[in-house]
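Paired with chain B in one complex and with chain C in the other, chain A is shared by the two complexes that follow.
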Partner chain A sequence: MAGSIESLMIINKSGGLIYHKEFNNDANSKPRLSSNEMLVFAGTLHGAYTIASRLKPKAIQLKNDSSYNINANTAPRVPYVPGLGVNQCSGTTFKAPDFFSESFPSWNKTGIKQIETDDFTMYCYQTLTGVKFIMVTLPHSWVNGLQQPISVADNILRKVYCLYSDYVMKSPFYSLEMPIKNDIFDKKLKSFIASLQRDF
Partner chain B sequence: MAIYSFWIFDRHCNCIFDREWTLESSKGTINSKQNEEVGKLLFGMVYSLKSIVTRLSHSNTSNNVRTISTSIFKIHILSTASGLNFVFISDIGSESLSHLLHYIYQELYVPYVARNYLSPIDFTENDVEETRGQGTRKISNPLFVESVEQFLQPMVSK
Partner chain C sequence: MSNPTAAAAVSSASASSASFNIPQINKPLKALGDDIWTNKTAKINAELFTLTYGSIVAQLCHDYKRDFKRVNEKLFQMGYNIGNRIIEDFLARTALPRCYTLETMGEVLSKVAFKIFLNITPKYKISNNNNDLILTLGENPLSDFVELPSDAMKDLWYSNILCGVLKGALEMVQLDCQVEFLSDMLRGDSSTEIRIFSLKLLKDEIPAGED
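What follows is the complex of A and B.
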């Protein structure tokens, strides 16, 4: 199943692309977009994400209008899916062997979670602070074949978020909202994605 | 499975048909004025996602968006070669509904609207409507409306 996760992006809270990595092992394949087009892509996705929250069908609006207020208690929860990759950084992190072991609230309550196209499927995980983690997979990858692909993708992306908070946010040289250029994060992310693809 | 609403957009970005089901007790809306803004937002989102998704694809052939999921609803899209977009908004549990959209296009839209001599070929009436997405003419053919209604009735949200 190697190679089923194609690329990973991090978009900051104002819609700027701060990280983009392709996991395609094939050295010959050219990147899909130039870096400039990638920025346009991130901005468009950010906009579409916001529009999606305005499209709530009337049938749902009429049923429960009060559920718009999100806090930690009312946010819908994503179940914990065990066995997705391994935390290989014991000793340098406060987190458990598998990063976390409980269900977690989903802050992405009204925005886009998944886009399916002919060529690929894209998953989006948003954190409480508004950072978006985007994962692009092949259309027939193992993630899409599972019972609840969106929950699995949320679990994977939350682990990427854990790596981000450990190696990017704790770096004294990183300035907020700026593009991430961090070798350790690159390395950890790569080994995390590799361990993920070995498991399945 | 539950379908909340059904939309048709023409190649000039105008919404030419919309149907929203609301509550059991009410019949919902057909071609309503209130839904105009929602229609524009919906088409705008679908259109911009389509354009970026096409550029992001590896192959040179066109890459179509099939579904867009959020945590409370799912959008299903069928684009035809003539530039029409058929869109469903359904609940998140639904599988891909593209076969239903395809059926509506093939078995209802083509015979009742496209092959109808009395129905306009293009729903825009002048240049302004064509270029600014402000078309007002909608599909009001009772036969089409009725058969869409009949076809989708079992799948509508209750």
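What follows is the complex of A and C.
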């Protein structure tokens, strides 16, 4: 169930860690990484992401014209995965039952989308403004019959982005680019993660 | 606002018109804007919104002792701060890709952005040798019920907050520009026009991974 999502991070456009939450830890167990290590990790990931985006093979560079038309539908699209955290919109400016209900283009075309080890999988979703949403889960091979784990991850992370845009960006006490300390966002995010019905 | 349109159901039928190799699943932008406005966005009362904005402007005029140039600047600054943040809401809602031409930018601003935040679709036109984008607001929910006092007619741009919002939002998607009001029906002009000019895409600041 939702238990397979281990942690969630938000990294701002300059590579600073502004949010980090672990979901499966007991209250009294030690965090896996110290907060300093987390900051280093976020910065390193940001750098690796930036450099990795330039590894695109020559053949693909020649084939694709980067300036695609917004209507021409050449952008890779993420299919909409129904049933993920539905009815979590109450109280938000989004109208129930779901935050969105259609496939959407991916903004992350050459950056890192997924890092896989035997022990965990990490997914990365980057917005047009440069904010990164990172999610660490159990290895996806553990999850029965999950098709296209990246699409599922993108759907979940876009919904986290929706919550972020509603509760963090609209908080008058939040200054841009700074660490997020926001109880309502915490609460909403927790109930959203808990509501994910599908195993992931 | 007070009269939400219900065109989304009709227009989605024509979604699969263009013939590309990849199946066309994009909606045209108008249908996208209408759909998000009708089905995905919580609404507030339009009169409350108009009156709230009106009292902000009135208070600023009072605070700045009717120095309307400073009121314009303050409204712009407030809008700028709103734009910096509202862009995330816009992107989370629409997930639209980057616009590479002024034409698509005008279309997105008018049919999607203004639509989902204010339920209006301004007309847009491109002028000055493909350098400027001019948005013509047929109706403006900010200025419903408003009449400017005679001393404010000349200098006050009543809805200047909109310019700030546009500037702030575009800047967050790495588009540097200037935004100003050309005319306003409140001042007795025949139309309300906003001009976006000196557009520059800040290529170095585009986040890696996008193209």
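Keep this in mind: the second predicted complex is superposed on the first by the 165 of 200 C-alpha atoms of A that agree within 3 Å, B and C clash if a C-alpha of one lies under 4 Å from a C-alpha of the other, contacts with A are read in each partner's own complex, and residues count from 1 in each chain.
The rule we apply is simple: a residue touches a chain if its C-beta (ideal position, glycine included) is under 8 Å from a C-beta of that chain, and two chains touch if they have at least 3 such contacts.
This one's a predicted model, so the numbers in the text were calculated from it and none came from an experiment.
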Practice prompt. Figure out whether A:N108 sits in contact with chain B (first) or chain C (second), or with both, or with neither.
Written response: both
Discussion item. Quick check for you: in the superposed arrangement, does A:L55 touch first (chain B), second (chain C), both or neither?
Written reply: first
Worksheet entry | First, second, both or neither for A:M178, with chain B first and chain C second | neither
Worksheet item: Of the partners chain B and chain C, which touch A:R158 in the superposed model: first, second, both, neither?
Response: second
Item to complete: Give the label of whichever partner, chain B or chain C, reaches more residues of chain A.
Response: C
Worksheet item: First (chain B), second (chain C), both or neither: which does A:Q126 touch?
Response: second
Worksheet item: A:D166 contacts which: chain B (first), chain C (second), both, neither?
Response: second
Worksheet item: In the superposed arrangement, what residues of chain A touch both chain B and chain C?
Response: 52-54, 108-112
Discussion item. Looking at the complex, which residues from chain B come into contact with chain A?
Written reply: 2, 4-5, 20-23, 38, 41-42, 44-45, 48-49, 51-53, 55-59, 63-73, 75, 89, 96, 157
Worksheet, complete the sentence: So, in the complex, the side of chain C touching chain A is made of residues 18, 20, 22, 24-29, 39-42, 84-89, 91-93, 95-100, 104, 108, 172-173, 207-211
Discussion item. Show me the residue ranges of chain A that touch chain B in the complex, using the header's touch definition.
Written reply: 29, 32-33, 37, 40-41, 44-45, 47-48, 51-60, 62, 76, 106, 108-120, 136, 150
Fill in: In the complex with chain C, residue positions of chain A that touch it
13, 49-50, 52-54, 66-75, 77, 92-95, 99-105, 107-112, 126-131, 158, 161-162, 164-166, 169-170, 176
